[in-house]
Amino acid sequence: MNALENAMIEKARDLLEKGVVKRVVGWERGEFAYDPSPATFESAQSLESFVYNDFCGANLSKYLIKVSKNEGKTAVFLKPCDTYSLNQLIKEHRVDREKIYAIGIECQQKLDHFAIEKIGIDGIREEKYDGDEAVFHCVDGEKRAKKEDVVLLRCLTCKSKKFAIAEDTVVLHEMTESCGDRFEEVRKLSGMTADERFAFWQNELSRCIRCNACRNVCPACTCIKCVFDNPKSGVAAKANDVPFEEQLFHIIRAFHVSGRCTDCGECSRVCPERIPLHLLNRKFILDINENYGEYQAGEESEGKTPLTSYQVTDVEPGDAVRKGEDR
Amino acid sequence: MQEVNTENEKFVPNIVAFCCNWCSYAGADLAGSSRLSYPANVKIVRVPCSCRVNPTFVLKAFQRGADGVILCGCHPGDCHYVTGNYYTRRRMALLFSFLDYLGIEKERTRVEWVSAAEGAKFSAVMNDFVRQVTALGENKRISDLRVKEE
Amino acid sequence: MQRIGVFICWCGSNIAATVDVERLAQLIKAEPGVVFSADYQYMCSENGQQLIKNAVKDYNLTGIVIGSCSPRMHEATFRKAAESVGLNPYMVEVANLREQCSWIHKDREEATKKALVLLRTAIAKVRLDAPLTAGESPVVKRALVIGGGIAGIQAALDIAEAGFPVDIVEKNPTIGGRMAQLDKTFPTLDCSACILTPKMVDCAQNENIDILSYSEVEDVKGFVGNFKVRIRRKARYVDETKCTGCKVCMEKCPSKKGLNEFNMNLNNRTAIYIPFAQAIPNVAVIDPTQCLKLKTGKCGVCQKFCGAGAIDYTMQDTFVEREYGAIVVATGFRPINVDAFNEYGYSDNKDVITSLELERLMNAAGPTNGVLLRPSDNTHPKVITFIQCVGSRDVSGCGKPYCSKICCMYTAKHAMLIREKYPDTEVHVFYIDVRTPGKNYDEFYRRAVEQYGVDYIKGMVGKVWNENGKLMVQGADLIENEQVVIPSDLVVLATAIEPEPSVRKIATLLTASIDTNNFLNESHPKLRPVESPTAGVYLAGVCQGPKDIPETVSQASACAAKVIGLLVKNHLKTNPCVARPDETACNGCSQCANVCAYGAITYVDKEFRIGGGKTETRRVAQVNPAVCQGCGACTVTCPSGAMDLSGFSTAQILSEVEAICRK
Amino acid sequence: MRISYYPGCTLKTQAKDLDRYARVSAQVLGVEMDEIENWQCCGGVYNTSRDEIATKLSALRALEQAKRNGGKLLTLCSACHNVIKRVNDDAKNDENFCAKANAYLSFDEPYRGETQVIHYLEMLRDEIGFQKIAEKIVRPVKKKIAGYYGCLLLRPSKVMAFDNPENPSVLENFIEAIGGDPVRFPMRNECCGAYVSFKDKDLTAKRSRLVIESAESAGAEIVVTACPLCLYNLRKNGGGKIDVVYFTELLAEALGVKENG
Amino acid sequence: MDKRETGEQILRISGTEIRKCMKCGKCSGRCPAYREMDIKPHQFVGYLIKGKTEKLLESEAIWHCLSCMACVERCPRGVAPQGVIEAVRTTVTRMQGKNGISAEDIPPIVDELIPQQLLVSAYRKYNK
């Protein structure tokens, strides 16, 4: 058990015992070291199964929509980038600010289990970081990998180590910001020819099995009734319109979260086909930043999004498209 | 002109034009009453305001076989509903840029501001847009996006 | 399944010459749902309409498609015809076969093919049409006017004349506004007070008008026909019902060093005061920041001397809540602060003044009793230089980007009045352009030049400095192409005007849209210039844009006409093509309200069954159909598709798209 | 307080007074001025041409050095201050210039205008405070002193952000702090005409005379300036009876350390 | 370079938006060197708008502008007449190799007190 996990458990115990909160949302030990899963803890005893390690990539803010409907306050552990999601949900009135006790927690990049598997490491019992390397205690001994090869993509271009919202924090070590350019890939794609771009996306999106994992995990995809499940919306996957939905799901989804997506990267993290879905959202974010001024969804808990505001002098659509290509 | 691809010469694109009731639709009417022709393959859907146009409508048109989609609205600042077309402008700038990013030809989409007095502009815009889309040929990419040829 | 009738108009030869209407009528019969089709020479004629009516009855039609001229021409005609035989008027769709088909295409085959698609598209839409009925909402027959300047006064008088009660809410102790501060008015040079004060008195005496002076609007709820407004009545420490306006308190008040706002701070007033002689209401007010009794507890002189017993030092702000059917915003303007224009030396030199200060210096009731004396030494200025466009048309960040519109005319007026009264005075005016559109305006300006010999210099001033008591005005004379330095005794800055800043708060309360310069937006710049986009809110005077008195009065009367037109109705019919939320799919995320230009969307907490006998409270959007104008901005903003627009529903537009794309 | 200091060429030659009095005064005021290493000419004059890069590079080198040494750069000569501050603004706001200049200079980390450039007068006003200076005065300079700003400190105000360009007050406040009687005169923010000294001597002379006459008629006994160009011009061409000195000289005098300079 | 290109170059290196000019003349009203200039500050902007490049290139005024920024400071439209003047001067010195100051100009006026920055700046400003 690491010191950070200990401190978090202590914090949770304290809040529960003092009655400050009714429940704590955190992670629960899974079968293996690499599969902790989000869970709600309602008593100090239940905290025995609480875990926090480098595999706790999941963004817990989305769970609050449901959990916080229950009576009393809910505490939640949020990594810096997760706090933006919560803030955005508060802005959209999906979560009642008054009923949340947000605890910002330390994050030193999270591991990507798929990536680890891909380089042939399995049977992990424990993990730790050693400088630029990740060290795994596996069933068949210790294995090492370069950190940049095994952490989640989003952690290579971490957008912030700031907590957008937090009553309290548990941070034991300084969090280092990785300063990669998160738009590098988008720019690279923009620099290709239209045919190359099409080939790229066709290759990626044709793998989609429509499992809905991206939609289910996305903290911006929180609709009570998703358009794709609503026969009245005209785009639902009803029998006679399967091709429409099939073909346009990702486009419509990306548009719906534009201006609201905090770039938390959960979509790509959970995609079983490893489709870089975050590159769809980042295109919108980059366009918004460049055309309408820098904007980070979830930085504020009030105010309008770029798509619900305007400037009289905004760029014309034709020019915006050309600009995007010239980049 | 002799070099024009003969296949494309035969190709007649299907164009969907969304026009706001107050400016562009009236502009289209004026083009009509001024007998300013534009190709018959442009068909207009009347909407109260350009801001009523959901990206879904545009995508649906493409998915159902339209070869080009054009949105027309009041000039920014002249919106009948004060601010509607400002939102249209942002939405479509982002949507079209996004489609282009996916490799779907940017020449198939367009936004134009046409006032009720600009019948000539309406006709000129439609002629130009049809020419542009004709040169591209049939729209296949939206439906092919999710299907990789092996 | 709908029973649809299709009616194709020849429009004489307008359609029939290019479109094979008869064949079309046959072809369209094959469309699912179509039970009747016909073609006729003039569908809009009496006979044509009768044909439609008969078919509705004979074939029991539930929906109608007319293939004719543009719906912008005759949609209303056909809807009326349908309604007269009991069919809901919103079950009628028009396919535009003339303006958008026969008139633009020459090839008969091509045009007929297109006409068929257009008809099918209209049929697709009518299949999903639902009967719509216009709602009704009651109208409270009382109006609120915010601002008691000439705009507010005129609007209130006109509305009251028509027999409706009006309240004027004025934040200052008296009504009258900026016009009360003016000396003479262009282009006729009548005395401002002489034409304004009788109107002020009319207001006070009109039994339909209630003046709430020294009051501010605190909160506004509701919508057109039905606003609920909360008004703060600031404590004036003088009982309005008792004070007789005798002014004894002013004579006795020992605190005499307050700046006289009415005289642009050019002289002083007492702590208890009546702003000016003709104030309405003619009631004193105590300035709590100056009054010794209120500040230190020691004094009470005015109370001692007040014969009417009107002084009450314990008075508190009070609130009144009233209901109104319509609101007129007439909050007016103020001159901008010219401190940013230090090159003209305003802050350093007492003899550099603004035009409004000059008005007071020339006014018989002003600090100098109407004798033009310069502030530094109370001598007659012999050389006066005016500088126009101080802060107007300025995009450097120091001023305002717009033209203030009134400065050219009032500067000509000042120049003329000075030359008239003091013929030995030399008057120079630096100008960029002289803008005088308006009846008798250019003639007026020319009189200043031709008759009164005012020296107009085209060019701007670069620097003003004081040299041994003379104000050296250095500027460019662009016509002579030289730089001139004019030693002057008085420099007058024709200062830009800006909307009274309190208008921002009022705009927020009214959800009235406002531009970057704080001017309220009108609903349409050409065709609905006195209406705010928020239904039931009207705009008069400079709060909407720079304007002079005649224009302000015209706009105020136009507002009044609009208000009267609204208040005579007992109920308002609402446009049925409005947004409607599907509460079961609404997330309550507020995105739709963010794009609504009309403030039509609000949120309520509602209980929903979630199965298992349990309920859940959710925040959901509500659209006020009386306020919604039906643009549809909200429908696209809604990620869950919960918001839809009646008459132009998502399903309808999608089906139209499909009909067009059908190969 | 330690601060990186850029003296400039003239302060090592003809304008030694401006420099040495500033240094001895700073000591009294608890400021250590760290002259940056191997500084080069500031560029002499800021060229407003958008495609001008070469003459701005040396200023960038100084700025980059200051960025690594505390993030602030103190200047004293008005002319250097103007050049360095404006080049810094370009580095911050002109992407094209920034990219090209960095490509040429190839610092370890690109310089993007991070350094804060402050003039000695700004340091007195904002970092130390005139109140505190007044407390340390031992020999108040009881004279009618005219503060002459010239053009370089003030304009363009959007970039220089030094003081109100048409109604500045920092020199007057400074004069009050050292016990003097400030004389505000109309021409205090007018240009002395230095740049055209070689092209149009008469104009330079005319401008300088105008300044001095204006100060004299306002009753000044002495004029202070922060600019070696102005000082030279006003003395040579002003034709006045009153003397023109650097403001630092009076500061040192008032602080009682003039002899140390 | 033809006339149009020269005009465009001047515009480009001036870095100012000349079309914002509303011809108010405040720049010329403020200019301390006005009387010494054959083309006045506002005319520099006006001529450039109208493409009268040759007049600009022939102008003597470029050698009299003090670069004091007074015109830039007070322009209500955010135009920089000094930027245009400097751009013209730069174009002249670059194109025609025409130096504003020749070596002979210097000796008679140099004295030992002259700040070297003045020499440097004058050279930089007026020479190639």
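First chain written, first letter: the chains are A, B, C, D and E, and each begins at residue 1.
Convention: contacts are C-beta pairs under 8 Å (C-beta built on N, C-alpha and C of every residue); 3 or more make two chains touch, one makes a residue touch a chain.
Computed from a predicted structure; not experimentally measured.
Novice: Identify the chains in contact with chain B as well as chain C, in label order.
Specialist: Touches both chain B and chain C: A.
Novice: Give me the fewest steps it takes to get from chain B to chain D if each step has to go to a chain it touches.
Specialist: The distance in steps between these two chains is 2.
Novice: Central chain, going by Cα centroids?
Specialist: C
Novice: Between C-D and D-E, name the chain pair that shares the greater number of C-beta pairs in contact.
Specialist: When D-E is set beside C-D, the one with more contacts is D-E.
Novice: Taking each chain's centre as the mean of its CA atoms, how far is chain A from chain D in angstrom?
Specialist: Each chain reduced to its C-alpha mean, chain A and chain D end up 52 Å apart.
Novice: Please report how many Å separate the Cα centroid of chain B from that of chain E, as a whole number.
Specialist: Between these chains, centre-to-centre, one finds 49 Å.
Novice: Can you give the whole-Å distance between the Cα centres of chain A and chain C?
Specialist: 46
Novice: Need the CA-centroid distance for the pair chain A / chain B, whole Å please.
Specialist: The computed centroid separation for chain A versus chain B comes out at 36 Å.
Novice: Residues of chain E touching 2+ other chains?
Specialist: In chain E, 70, 74 touch at least two other chains.
Novice: Would you mind listing the residues of chain A that make contact with two or more other chains?
Specialist: Touching at least two other chains: 234-235, 307-308, 312.
Novice: In chain D, which residues are in touch with two or more of the other chains?
Specialist: If we look for residues of chain D contacting two or more partner chains, we find 165-166.
Novice: When you check every pair of chains, which ones turn out to touch?
Specialist: Touching chain pairs, listed by label, are A-B, A-C, B-C, C-D, C-E, D-E.
Novice: Could you list, by residue number, the parts of chain D that touch chain E in their complex?
Specialist: Residue positions touching the partner: 8-10, 13-15, 41, 43-45, 47-52, 55, 77, 79-80, 151, 154-157, 165-166, 190-191, 193-201, 203, 207, 228-229, 232, 235-236.
Novice: Under the touch definition given earlier, write down the residues of chain D that touch chain C in their complex.
Specialist: Interface residues on the chain D side: 164-167, 184, 186-187, 214, 217.
Novice: Which part of chain A faces chain B closely enough to touch in the complex?
Specialist: 186, 189-190, 194-203, 205-206, 208, 234-235, 243-244, 246-248, 251-252, 254-255, 258, 280, 283-284, 287-288, 291-292, 306-308, 310-312, 314-318, 320-325
Novice: Using the touch definition up top, name the residues of chain C that touch chain A in the complex.
Specialist: Listed in rising order, the residues of chain C that touch chain A are 516, 582, 584-591, 594-595, 603, 616, 618-619, 637, 639-642, 644, 650-651, 654.
Novice: Residues of chain E touching chain C in their complex?
Specialist: Counting only chain E, the residues touching chain C are 20, 22-31, 34-35, 40, 42, 70, 74-78.
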